[in-house]
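Look for chain A in each of the two complexes below; its partner is chain B in the first and chain C in the second.
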Partner chain A sequence: SSLKQQNCERLQTAKDEDEDVADPIDDREIFDLIRSINDPEHPLSLEELNVVEQVRVRVDDQENTVGVEFTPTIPHCSMATLIGLSIKVKLLRSLPERFKIDVHITPGMHTSEDAVNKQLADKERVAAALENSQLLEVVNQCLISNARTS
Partner chain B sequence: NKFNAHPDSRCWYVAWNPKGTLLASCGGDRAIRIWGREGDSWECKTLLQDGHQRTVRKVAWSPCGNYLASASFDATTCIWKKKNDDFECLTVLEGHENEVKCVAWAPSGNLLATCSRDKSVWIWEVDEENENEYECVSVVNSHTQDVKHVVWHPTQELLASCSYDNNVCVYKEEDDDWECRATLEGHTSTVWGLTFDPSGQRLASCSDDCTVKIWKECQPEEGTDVAWKCVCTLSGFHGRTVYDIAWCPLTGALATACGDDGVRVFKEDETADPDQPAFSLSAHVPKAHTQDVNCIAWHPKEAGLLVSCSDNGEIAVWNYQSGV
Partner chain C sequence: MAAGSALLVGLVEEFVSGQQDSKAADTATGLKAGQFTILQLVEALGLHLASSQPQTRARGVQLLSNVLQQCHGDLTEREVDVLLAFYENRLKDHYVITPHVLKGMNALTKCSVLPPGSAVSILKSLFQDVHVQSLMLVERSCVYNILTQLMESRESELKGLGADFVFGFVQSVDGERDPRNLLLAFQIARKIIHGGYDLGKFTEELFEVTSCYFPIDFSPPPNDPHGITQEELILALRAVLTGTPRFAEFLLPLIIEKLDSDVQSAKVDSLQTLTACASVYEHKELAEFLPGLWASLRREVFQTASERVESAGLAALGALTACISRSVLNSDSEDYLNVFLDLVLKDCQHHLCEPDLKLVWPSAKLLQATSTASYRASHRVAAAIMPSLIEQYNSRTQVSHTSQLGKSSEEDESVLLDFRQSLCSIVFSALSENSAGLQITSLRVLTALSQQTGETPDLSMAQGDSATPSQKHSQQAVRQRCLTALAAVSSQPSVVQESTPVLLQVLTTSHTGMCHYHTLFCLCIGRPFLNMSYPVIIDRLTVCPGQVEVPQMDRLLLELEELSCTCDHPFSYTSAAKCYAGLVNKRPAGECSSPVLDLSLVNCAWLSSLTDKLFSLLSDSELGSLAADGFSLLMSDSPDVLNRGCNADVRIMYRQRFFTENSAKLVQGFNSAAQEKKSGYLKALSHIVNYLPRQVQLTELPALLPLLLEALSCPDQAVQLSTLSCLQPVLMDPPSALITQLEALVGRTLTLTTSPAMKVRIASLRCIHALSRFPEHEIMPFRARVLRALAVPLDDLKRMVRSEAVVARNEWFLLGSPGGR
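Let's look at the complex of A and B:
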């Protein structure tokens, strides 16, 4: 059996002649993107609050996957979804389109872990949420980079 | 044949008109585009830009092909009438509390179903005398979460829906009111898509749990008149969320759209037991698009012709040939 693009003699792969051959993306690079995201409630970064750590970032450049575990400051943290969303948005805006991005709560670190993870994994829910201008503004506030970090 | 349909944005859905001469697509750019064949390529015939204030999630052609319905995150469903190459907005259906995720016309053309993140499924009746008049005849709240998709049975007045609550619901009309008659449990995560087989005896569902399930209508228990059971699960084929599934009305082949960027076609094996069908992977394009595939649809007239669309804004048309 065959599945071919119509009117093509052979299957075309995605055009990437223009893309420079870049160094593979690694854990450190991802961490650098998310470390200075602001906490929505406190004047501190996610790194300063230990919400994100480099050791909890997993990148597979070959497989085009990025996994980030984040640890809410307290198990009942009501900002968990918002923090996860900010991390996700930062990565979506910064990384090449080829990456599949998974953001979830460090296992065992939140009472509504499954519910929060499910929302973050649902791209339709994320897309709709970001069309809410108030929520988008809050997310953008978290993503404003501080002068003191590079 | 691959073309960019929604610049700088995702293409969420694409649908053939009943004659198979046009494609309607919709996306995150809040627009609907109608495409027609010009020789070897597809040309945009119409751009409907001002119908919705947010993402347009799905579009559906009426069975006669003269109307198009669009479902949007702005909580409305728009009904458009085709006038040559142009479309005029006839009416806007309001009522859902938040994002409308799907709209579907019944094969009779007299009924429309919509579903939403507000957890409800609405059934609307089209006024025979007045094409502008749509009346909501039922609001059903059987799901406990966001309802992702609704699909009508090909021959009976039966409706199915699927949800973020991991279930599929089947609805029938009783005394002018629509009710959920069966809840199909089994998937372990959000169910994104549904499709009936050509006879309507079986239903296929696809899920975030990376599987496809085939359900068959079976002997109901005392006190119920509708029962469905899962007769087959296709697992190990999809690497990520399966966003859409389509059963070809002409050939019976089953196509899927996956978050691992792939398009797959499954064929049913010859088996002795109709209660234990088996399907084999017949064709697989691992990189059908450079990003998630959101939608897959078989051409209504031409066997083997398939259309898909992706988060990268592209639409691709495929030729599937079943091997000898």
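Let's look at the complex of A and C:
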């Protein structure tokens, strides 16, 4: 897949600095949270690999829902679950509790998408996964270098 | 098509007999879909259209018209032809059918395939068979819309109708009362006039039917959904009335009549209408009415109680003058402009010379209005009045005269040429008068004079110089003299307002600045109103390299010091202080002419006395905060004055010296101050620490830490912000002293993440992020608490805060976690 040029930072407007104006959480904000997550195998970010794209991010601030579709690099990608987990964990750590977070594979882009999606949607299974220190280690490493969102 | 006709019959039945209005839309759809044609529809309606019941016939026509409104774009020429014949015929039918007939005709007139000749026949039947003013509002609008549409698409055909068209229109509109319809009618009338339609012998009728609404008096009802304003109607009507010179003979008497009214808005409307038509008419239209118009205008300006009326009157006079000025002279006719101006001058001139000032101003204004209207007029008026005015001034000083002079000379500089010498002498003597108004006007004239290129030998003569050859005086010298005069005069606020911009402009554009500095400083001394100019002075000072040779420097410095210490106005004393600092800094070291100016190091007496003063103020409840900010100013790289970029003499390590000399004092002051006064000290301290170089911060921090932590709990947001921003870099590489204070640090910064100020929330979150760098075993105990607390700012109102919280929280998550740092 082709390398994506690093998008420029979100432009700040006067409203952003106005104390009295509330900034709703929008798709761009969610995308900024996940775009620089590392791929577990390649030295590139999920955005650079086109695994995540802003158009596949949907947030509804009023309804407290977030939906992220991600596209594994190849249909048999064995890392699909791990990638999905990293995205989910990043969002869990970065979003207020009120949000229901739905992370799933872009339909038709993976052979075991149903199974993966089911895992990612299951709260207990996610919690259990994160108690596995080896798994947690890999996830943390995916998240580590983007702990500072530029 | 059998299916089509069955459908059609059904729809017709349901609409007409079944009274189902929705079937009209279905019929239109069916027509568009090609299930039947329009003529088939007419046929299907046949029975109903021939009914003896008017209501039934009406219903039939209504269906047809509704469908036409939807489908008029799809019709063929033949169909339109047939339909038009039908509709024209139906205009003669029962009045209950007429509304629907009109609607249908309206739709048909929108067809692009309207056959030739039909426009004329439509209008003929309309004018013949319909009495428009007996119709309801909507139907009347319909008629006007038909007219408008036909005028747009079939102009040449309508013109072929000749004057009958105008007559028909006049009859339709006569008596209209509704504002929406009136707007339509005025627009049609305007089109008739401007579109070149033949008015024939109905010019007066057309004028009458529209002018009866003049002047418009309309109060829209509250919550009017149509939003028509009186202004709209006035303007629309005015466009009609002033549209052609053929109306002049009727309009001008009307204007004169309405000018007599007691109602102010009527007066204003008349005057504005007069102004408008003067731009369209020529002298011949105005000629016979000029005396009457002048009498009314004069009366309005002389007796006016309203500024609106006065200015409208003056504008009208100007427009009239301009109109007459445009007229072309015949060899054997008299000069109309001169005739008119003679009239004006005869009535106004003598007032200017009267001791009784009551009519001077109005006369002056009238004269000014005429003289500004055209070049010829200005010359004529100036030539007539200047000599007498000048003579007046020389014999009897009066404010108003000079103002009048000033006014006229403002307008047209060429007029000045003839009178320059006398003007100059007047102006210079006026400058020494006491009246501010006089001085201002003189200044304006003077400015105009001094900006003119070319020789001005007269000025030097007015100065009382000996008779040196005028050619020797350069532009520069002239300017200099004017400036000096300006400076000398600027002792009153109103005058200063005028002179300062001129002076500043001179300063900023001059190249050899020195003589101007002199002037400007002389200006500033003793004149507190000129504080506004300090920023410019500072600006010039700071970019001027090396030494500034300023005469009377000492006196200036004393004044500045006085000003900065005693003046109440913060901008003034700040500017004065900065100016002072800039000047003082540029003095060569060692040069001192007064005990105040010792400038070997920043440690100069002035600076330390200032510092002492600031210290003493820190505990003052009102000034404490400001005094603390003063420390910020001292320590920071003041961008405009004490800056290397401004050629200032920045001694090394001055900040450290300042700190070491004063921090003990600060700490002491803080400890001994009462609780509520502590914030001033905290603020000053945080400023000082903030600007310290890193190394110094590290070594000094242990002593200051309690104070800084105290500062974090201070309710003053500025203190919080200042402390947080100076803490944060230190936290990134924390000295051991800080680590012992972790509990306090964590606790207090977490509290600040919910501050009402966005900047404080962001700064505290950054500190918490920085805290995550502390040795892991020290901060692990805090992890759970921090993660919990940081969940709150994740949902902050502001995105900028949220993103800081995300960064911090994620960093804390990685702490002590496999794969983490």
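Everything that follows uses one rule, which is that the second predicted complex is superposed on the first by the 124 of 150 C-alpha atoms of A that agree within 3 Å, B and C clash if a C-alpha of one lies under 4 Å from a C-alpha of the other, contacts with A are read in each partner's own complex, and residues count from 1 in each chain.
Rule of thumb we're sticking to: a contact is a pair of C-beta atoms (placed from the backbone, for glycine too) under 8 Å apart; a residue touches a chain by one contact, two chains touch by 3 or more.
Values in this document were obtained by computation on a predicted structure and should not be read as measured data.
J.: Considering only touches as defined above, state whether A:N50 meets chain B (first), chain C (second), both or neither.
T.: neither
J.: For A:N140, select first, second, both or neither according to whether it touches chain B, chain C, the two together, or no partner.
T.: second
J.: Quick check for you: in the superposed arrangement, does A:T111 touch first (chain B), second (chain C), both or neither?
T.: Neither partner.
J.: Which partner does A:S78 contact after superposing on A: first (chain B), second (chain C), both, neither?
T.: In the superposition, A:S78 touches no partner, neither chain B nor chain C.
J.: First (chain B), second (chain C), both or neither: which does A:E97 touch?
T.: both
J.: Which chain, chain B or chain C, is in touch with more residues of chain A?
T.: When the residues of chain A touched by each partner are counted, C comes out ahead.
J.: Need the overlap of the two footprints on chain A, from chain B and from chain C, as residue ranges.
T.: 12, 97-98
J.: Where on chain B does chain A make contact in their complex?
T.: Per the touch definition, chain B meets chain A at residues 1-2, 10, 28, 40, 54-55, 57, 73, 98-99, 101, 117, 146, 148, 164, 189-190, 208, 240, 259-260, 263, 265, 267, 282-285, 287, 289-292, 305-306, 311-312, 316-323.
J.: Quick check on the complex: what are the chain A residues that touch chain B?
T.: Checking each residue of chain A against chain B gives 1-8, 11-14, 97-98, 100, 118, 121-125, 127-128, 131.
J.: Which residues of chain A touch chain C in the complex?
T.: Against chain C, the touching part of chain A is residues 12, 16-17, 19, 22-23, 25, 29, 32-33, 90, 93-98, 133-134, 136-141, 143-144, 147-149.
J.: Could you please specify the touching residues of chain C with respect to chain A in the complex?
T.: 756-758, 791, 794-795, 797-800, 802-803, 806-807, 809-811, 813-814, 817-821
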